[in-house]
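What follows is a group of structures, each given as structure tokens.
One chain, chain A, links the two complexes that follow: it is found with chain B in the first and with chain C in the second.
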Partner chain A sequence: MDLPQTSKLSPDLPAAAPLRSGPAAARKPWKPQSTRLRWVMLGPAMLVIAATVLYPLASSFVTSFRDWRLTNSPLPGPFVGFANYARAFTDTAFINSLGVSALYMLLSVSLTLIIGLGIAMLLSKPTKLNVLTRTLLIFPFAVAPVLKGYSWKFMLNPEYGVYAKMIGDVFHPLRGYIWLGHEFSALCAIAMSEVWGWAPLFALMFIGALGSIPGETTEAAKVDGATSFQIFRKITLPLLAPVIYIVALLKIISAFKMFDQVSIMTGGGPGDSTQTLYFNVFQTAFRNLDMGYASALSYLLVALMGVIATFYVRTLLKGS
Partner chain B sequence: MVKVKMNTRQRAGAVLGLGLLGVMALSTMQVQAQSASYYGLKSGKPYNGTKLKFLICCLTAGQFTQLARMTGENSEFQKLTGITAQWENTPYEGLQQKILVEATTGSTYDVVAWVDSWGEAFKNQMLPLDARIKADKINMKDYPKSYITASTDASGNVVGLPFRGHPLVLFYRKDVFNELKLPIPTTWQGVIQTAKTIQAKKPGMAGLSTMYGVNAGQNLFSWTSMLWGAGGDILDKSNHPVFNSDKAVQATQTYVDMIRKDKITNPASTTFGEPESSSELLQGRAAMWVGWWWYWSRFADPKAVAPAVLNNVGFAPAPGWKGGTTQNYALIWPIGIFKNSKHADAGWEFIKYVTNTEVQKRVASNRTVPAEADNTIVTFSGMNDPKVNAANGGIPKVGAAALRTARTLPQVKTWAEIQSVLEVGINQMATGAEVKPTLDRMARDVDAIQKRAGYYK
Partner chain C sequence: MQSTVNRPAVRGPSPLARKRLAQGAEIVATLIVIFFVMFPLVWMILAAFKTEIDVYSTRLFFQPTLDNFRAIFADPILLGSHTWVSALVSFVTVAITVPLGAAASYVLSRHRFRGRDSLFLAILISQFVPAVVVAIPFFNLFRTLGLIDTPVALIVVYLSFTLPYAIWMLRGFFDALPVEVEEAAFIDGCNELQTLRYVTLPLVMPGLLVAGVFAFISAWNEYFFALILTRSDSLTLPVAMQTITGPRGPMWQQVSAAGIVVMVPILVMSLFIRKYFVAGITVGAVK
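Up next, the complex of A and B:
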């Protein structure tokens, strides 16, 4: 059956139909015909963007080539070329934060994907209970990161934390374990506080993607004798791969921006084992007041995120 | 107009009444004028209507709560001067950064109070107060020397008056010490031994509560006490790091051994800051704690402590070093005026009021609301005042004795960076890192910081 081609203009109509008066004309959205008028109307918004986005970007980029410490002078210091950028590659604190962020990214992205996919598989069937549960999935993502940090810090307290107690009761060797007092477990705790917020969101995305998998494919596989695991591995996962790839990239970008929970839960400790890149840049700028170096670090971060964002955008464009 | 006819008696009565009213009005004016000058303030309200912005934190501190009320709307200070002060309540963890940013980018605040070790980074943005101090005849000898050092800039100008200051004090459970017949330790070595005894005889109770967590430099307080007592130091006179000397290594080893080898403290102390560490004593899980003297009022607040701890905490001067000296860190909050403030004179009136010894005595003696009780007072005359001591169990006098030998942290503009290196390093050592190699690495990092800042080449 041919469907009416409502999305395309009829070939009988001229390219630019003349304006008609009456009720039909009132329904048509008005568009400024003059290019100058369009620019005038866009002007205020562009000024705001220029003032709040472009100017700070340009200013901080210029600052990254200066030696400017606020403890020395409130005015920017002299140009030092690429000295600030070069310093980053010999700065043990920056190199440490790069390693911490990379490890944190691996932990949080993999856990978010696995747990998100698991939740999606559990809630993929359209039962009443599943539909109700799906509506609750967005709530963890809506919780402010600072609140997540405080909550998890309390819940992991070895003396009175509910999670610490539950884990200790199930795994006896972990009774009284100081989760935020050991390097790896502190990073895991921060990762879990983030996974708690993101995994349900990813689950919603996966549920949507699972819904688009044709039922006939899985039915045919079952008829051929495939087990559930084989169906998941050979049919579901490959079909979900594009969505997994996109959400993974999104999570990687988010992971490199981790700051709030680090600040609240560990302060970068134990030692410097949870000092992420963002936290390091913050400390450099607002504790050490070394604005030139902090700007350079920020742009190194931008460069890193830019590489990841390029993959993300190319994947999105390929998909559409 | 209706004429009222009065007889002689009535006329006499009217005259007397009017006369009495006049005398009362005159005497009220005189009382007001006396009160303003009583606090060293200008009479006549020359800054009437001024609203000051005061950058500070921690309005839950009893002294701040009371003083905020005494200088806000409809307060005594407003009645005396016409000035009101709006107290900012920035969280402590973010205050240092906020002050630094405000000072260096042109502040919107008039008055600011800061922790001593933060000050060198922005003292050049503060108004020198020497001329005002001299004009108002403020007795600077009534303050501990360490307080004045911390309030002075590199050129010798006084840029802040001491506002809130604390010596370190050893708090202990009186009932535990009485039961076990233990003497109060006066050295860190004595504290460690006493803590071991308590833990052996009272299982489940930590001998000492400590804090090794990375949290705004709080894990440095007890460390500096041991470091200085043992004869070590953080920086030498030319601002080179010297905290990896033999004496410093010994002191640091003792400090970290309390958790690693002696095990006299909660293992979770590696994550503790001051709130968690003080809670160990407040909630009865530890027998001793070295902390700021102002915590004393918490131990008498039934809402803040466990029943077994209520009114059951004694205090003594913070310990020294066996074979060395007793020289503890004295933390001071100077209060000063930003150079670009448009209300500098009004700000000075505010500073004079909140640092006035009589005002501080009144605040320190006020125990009507337990949650607002605070024994903090910054002058020796205030600390030795009988009424203040009676209200605070004698702790002000003990504090005064400690402050005669106390010292402040290095006054260098790079302190924020140095503090970060030190607190991270101490945390690493508390969680297992070797002491000497870690101190050596920290010294190299601090050396690089000092060179970058231009202290030496």
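Up next, the complex of A and C:
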């Protein structure tokens, strides 16, 4: 009996509906609420989250206070208090990875924002070519990070890499330059493989936000004699600021999680110049098999993520 | 006022020529963007059809070959079995994520009870838990249970990120549905479960599809956990690609062929849900 009504409604429903968390339902209480049904429906998901997120969080926390090297014994060793945490502050490899990750974060976030903004400004007008190009923008992000790593490593090979060759042809001193063999350029190459994935996505987000800027505002500014750069500085950028803030936070979080391309492209080298935080903890846990210390390091990561996530969540909640 | 408007016309070329020039510059810039976005993909696709000799040159025209695809699905790489593991793990992850996520997000959207918002917030925050924290205990647990190198191990850890994400995303879809439709069904005599079955679920179908696709993509592309929790039998595609090496490092023509196997299903899927793609990444972040 309800089916005809449903089919009548469905074509024009959620397609254009905004994905917001400010519940329409919150204003009007939904009447049929069976308490039993509530827990039957919520229960399984909560159990899975408890088992796959809470359990490891708790377990890692306990392990972070123990001495547990799998090279010595398969069973957890004695509790050592804060020794694992104290060790992190004198561990040069860990401190180095903090620096690498911070530098990588700055590089990848700023490049993504600048390139993303540039693409968005260029494609903001809905001409035919622009709309077609916008569709292409989703592809790089969907590609597996591992493939991003392979593809950029391949293209930057000094002997047969097509990007390396192009750069060398334009700028002769860089001919045959070993991009992944030098500290800073290796980090830049990893950053570029990631920027390639994220910048187009950022552009799409900015284009969405640009669409909500009323045309009359820029029109009026133009009539008043403002240059395009002034319009960008004084109108577009301030209106985009909230979006820029939230996507930058998203990118910062993802930058601190960088692992895949490091593993594929450089393996942390040359030297330890591309050993990001994730890569360092991975090495400690699964190459050196030092579970206690690795757990302590991963908890330091939890703290770092917690700080950034707080900003992110707070902005989201304010928004809705 | 008048003079300000006319000024550009006075010096330099005529307004029409200026406009043409600006349009031309814009088209050139757009072509550069297309190049930047598509070239790495195109180059990889081309490499997959090159011979070993052609792949080490940067030439654009060559005699295409399917040998690389034959090679990766034959001994010793046997990419077919890894494709199967990847597909199995991804599909089972989706099959668990979508129903559980839909049920939970329905309750979180439609029911009102104490602690609901804190619970939702906790689910949101759980997405920020770093993967290494999840990996260490599960590695040790699976080691003692003998589950290392099995699809089960991967599915369990993949749920740690797909489920919170799906709940977060699907709640947005449920919230976007007007409650009035469900109330009408209720007044017509449906109980809550019937209303859900015949009214709410059909309406939220696009959301289920999008959540499913996102869960699939993140499981299919996943590398970190797969690297830690598999050895040989259950290597997923992203990890198995590392086995395609010769004496001179990766054999690029075959790596690229494997890359196509990894990439094409995902590109097709993301094209399918492209309307939701951006919103899906931030889920309500950008309005």
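Following the convention adopted for this analysis, the second predicted complex is superposed on the first by the 282 of 320 C-alpha atoms of A that agree within 3 Å, B and C clash if a C-alpha of one lies under 4 Å from a C-alpha of the other, contacts with A are read in each partner's own complex, and residues count from 1 in each chain.
Please note the rule applied: a contact is a pair of C-beta atoms (placed from the backbone, for glycine too) under 8 Å apart; a residue touches a chain by one contact, two chains touch by 3 or more.
These figures come from a predicted structure and were not determined experimentally.
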item	value
Contacts of A:E159 with chain B and chain C, given as first, second, both or neither	both
Partner chain in contact with A:N130 - chain B first, chain C second, else both or neither	second
First (chain B), second (chain C), both or neither touched by A:G271	first
Winner by number of chain A residues touched, once chain B and chain C are compared	C
Partner chain(s) touched by A:L250 [first = chain B, second = chain C, both, neither]	second
A:S59 touches, of chain B and chain C: first, second, both or neither?	second
Contacts of A:T71 with chain B and chain C, given as first, second, both or neither	first
Which superposed partner A:F286 touches (first chain B, second chain C, both, neither)	both
On chain A, positions contacted by chain B and by chain C	74, 159, 286
Chain C to chain A touching residues, read off their complex	4-5, 26-27, 29-30, 33-34, 36-38, 40-41, 43-44, 47, 55-58, 96, 100-101, 103-104, 106-113, 120-121, 123-126, 128-141, 143-144, 156-157, 159-160, 163-164, 167-169, 171-179, 181-186, 188, 190-193, 195, 198-199, 202-207, 217, 220-221, 223-224, 227-228, 238, 241-242, 250, 252, 255-256, 259, 262-263, 266-267, 269-271, 274-287
Touching residues (chain side chain B, partner chain A) in the complex	96-97, 100-101, 104-106, 121-122, 125, 213-215, 267-268, 270-271, 285, 413-414, 416-417, 420, 424-425, 427-428, 431, 433, 445, 453-454
Chain A residues within the chain B interface of the complex	69-72, 74, 92, 157-159, 176, 178, 180-183, 266-272, 283, 286-289
Touching residues (chain side chain A, partner chain C) in the complex	1-3, 5-7, 9-10, 13-15, 17-26, 28-35, 37-38, 41-42, 44-46, 48-49, 51-53, 55-57, 59-60, 63, 74, 119, 122-123, 129-130, 133, 135-148, 150-155, 159-162, 165, 196, 200-201, 204-205, 208-209, 223-225, 243, 246-247, 250, 253, 257, 259-260, 263-264, 278, 281-282, 285-286, 291, 294-295, 297-299, 301-302, 305-306, 308-309, 312-313, 315-317, 319-320
